[in-house]
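Once you scroll down, you'll see the structures, which are given as structure tokens.
Shared between the two complexes below is chain A, which has chain B as its partner in the first and chain C in the second.
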Partner chain A sequence: MINKVIEIIEEILTDKGEKLDIDICKDSQLRDLGLSSFDLATLTVKIEDKFDVDIFEDGLVTTVGEIISILEENV
Partner chain B sequence: MVIDKNEIYNSGNIYFKNYINFSIDEKKKILEFRNHVSVREMMLNKNIIELDSHLKFIDKLSVDTKNFYWGVIRKGKLMGSIYMNDVDDQQEKAFWGIFLDPNYVGSGIGFEIQFETLNLVFKTFGFNKIFGVVFKKNKNALSIQSKFLFKTKENHEKHLLLELNTKDWMIFSKFNFKEFKRKIIIK
Partner chain C sequence: MEFFWIDSKRNLKITYDTFFQKLTEENNNNIFIRNDNPYLVFLNLLRNFISEQRSVLLDSDFSKEELLKLEISDTIFEQEKYLQPNLSHKFKTLEDIFLFLKKNEEKLEIDIYTSGTTGRPKKVTQSFKNLKRAVIYRKSLQDNIWGFAYNPTHFAGLQVFFQSFYNKNTLVYIFNKDFKEVYQDFKKYKITHLSCTPTFMKMLLPHVVKKLNKVKNLTFGGEKFDSRIEIVLKDKFPNGEVKNVYASTEAGSLLKAEGEYFVIPEKYLDFIKIQNKEILIKKELLGVSKSFDLENNWYRTGDLVELFDNGKFKFKNRKSEMINVGGYKVNPTEIEDIIKEVIGVVDVTVFGRTNSVMGEIVVANVIKEEKVDKEILNEKIKEITKLRLQEYKLPRSIKFVDSFELTRTGKIKNNKFIIKP
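Moving on to the complex of A and B:
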């Protein structure tokens, strides 16, 4: 699951033309990855398409690990 | 066009509570957000605002018919602020602005708040047109505003004056936030 989430984040960053020069892990802060609010909206849509879970439904997420936790609880 | 300062407005998951109805803790909290360096650097007035001035400012808002400030509440938590300045009742236009709890900058909440705020402005209040000033260095804000179909009205050395009219916004008005995200992201 974490690999798929990281893959989606990398895809968004690549589409923006960002260099992927940092390792993305559970502790990664989404804002430190260079994701804008719009990118995070994109992330929620892509994750919902893949896992059928809206990660922003009940609150806010700030790390990759929090996304994984929400998915593990709901998938 | 009527704006009731005592009403708590709602759009989607977002509630809008006028500063004049804030508790003292909420007044202090919103000032804490406003005085954070990351917020100040994107404001025209970059000075730290003292609590005493802030409280006097809020007191004056209760009789001000041109300037409105709301706290933005999501899931019971104060997340930031939106404001409308120089409200022109006759031409149904105003300047607007937004700032967030610095802890939630980059959390995606700003995108949702802007969507719901624009619904409030155009659908609930019935504004015809709104303007916003964005510094050119604020790439995130510029990127987001373009998604909402804001257009550049004036190009200054350090900032842009952006404009959005009700006709453009109404393209999105039939969607909720979730549908809106899909509409603009999955093309």
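Moving on to the complex of A and C:
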């Protein structure tokens, strides 16, 4: 699951034309990865399409690990 | 030293004395204002005012294509320049400028563009009087320090600007920057007032590490208030009084509410009404535009409300198909027209999908030619939309479908995410 989430984040960053020079892991802060509010919105849509879970439903998520926890609870 | 404008990203710290000097000195001005430095937008705008020139405000990130839709060519920025003479003999102090603005408030005008409902953005001409209708100035407000969190060329941005300028407050520009730095700006410059969209606040909240006790006032506008953030808001801004405003490019600032519930104030009882749960505004409160469709002098806003006792109401979704992306209104037709140009696209429908980060986001369902590769077409659509549209208008999801479902009336039914009136 974590690989799929990282893949989605990488896809969003690549679409923005950003270089993928940081390794994304569970502790990565979403904002440190350079994700704007538009990108976070895109992230929710892509995850919702894939796993049918709205990761931001109960408020804001700040790390990759938190996304994984929410998905593990709901998928 | 009283600061007028602080923008740490651009290394700008402008005092009121400097600003006054810049306003009155001889210099070139643009009638059509398009600048990515918000300080220069406001400088140019006020210089136009005191030179009794009109202003046309344009987003700095409009593409050539978007400008053409507004019937504005690239060359106009050079053509419509004029030289403002030195006005320092006419205006000796900032107070003279305030007096001049007061005297001429009905004459001074700004053109703003708003996403039209018929596929064409509409131009709305607002008098300065209308623009500053909601501005309050009094002595007790003179120490306010504002966080500026809107696009300067949009109505809400102009509101915050004039509210702050009239009270000679400091404006700290915190829009379009890293939210960690926004939080630092709050602490460093002791911001007391903030007006922003609920989306902006949702993005800022995770970065507010320690309580921001200095903040006295939080005003939200542009989209429906998200009550999920209320508890966190009270915790992080313990002294922040929360207000919601209802404003539109067509009519300016109209209603203010403590919390989520609005009422029509007495002075507007003859000018604002609710019919079939929709807000209607009378002609007298509107700016001037050829695109207004009036019914017996009433303008249908498309904004729907839920009614409660004692004339109280709460905003619901919009009746029209306009998509509200974090406070920005997007016209789906504009995006569909561009996607339809891509070779391999048979048809497309663009609509808003509910999103927990931005309220709504733009998504597209596409019917493609059978032989065309999905991946390649997807890339092509992303490329063309990115090139020709502002960031908030970009589809965040593109799906390939075999057909669009039709409703009984023959209209295209989007899917389960459609916002129903």
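Throughout what follows, the second predicted complex is superposed on the first by the 75 of 75 C-alpha atoms of A that agree within 3 Å, B and C clash if a C-alpha of one lies under 4 Å from a C-alpha of the other, contacts with A are read in each partner's own complex, and residues count from 1 in each chain.
Here is the rule we use: a contact is a pair of C-beta atoms (placed from the backbone, for glycine too) under 8 Å apart; a residue touches a chain by one contact, two chains touch by 3 or more.
Small disclaimer: the values here were computed from a predicted structure and weren't measured.
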Touched partner set for A:35, first chain B, second chain C, both or neither: first
Chain B versus chain C as contact partner of A:15, first or second or both or neither: second
Which of chain B and chain C A:3 touches, first, second, both or neither: neither
Residues on chain A lying within both footprints (that of chain B and that of chain C): 31, 37-38, 40-42, 44-46, 49, 54, 56, 58-60, 62
Residues of chain A defined as touching chain C within the complex: 15, 31, 37-38, 40-42, 44-46, 49, 54-60, 62
Residue numbers on chain A that touch chain B, as the complex places them: 30-31, 35-38, 40-46, 49, 54, 56, 58-62
Complex contact set, residues of chain B against chain A: 75, 104-112, 139-140, 143-144, 147, 178, 181-182, 185-186
Residue ranges of chain C in contact with chain A within the complex: 178-180, 199-200, 202-203, 205-207, 228-229, 232, 325-326, 353, 355-358, 361, 363, 382, 391-392, 394, 396-397
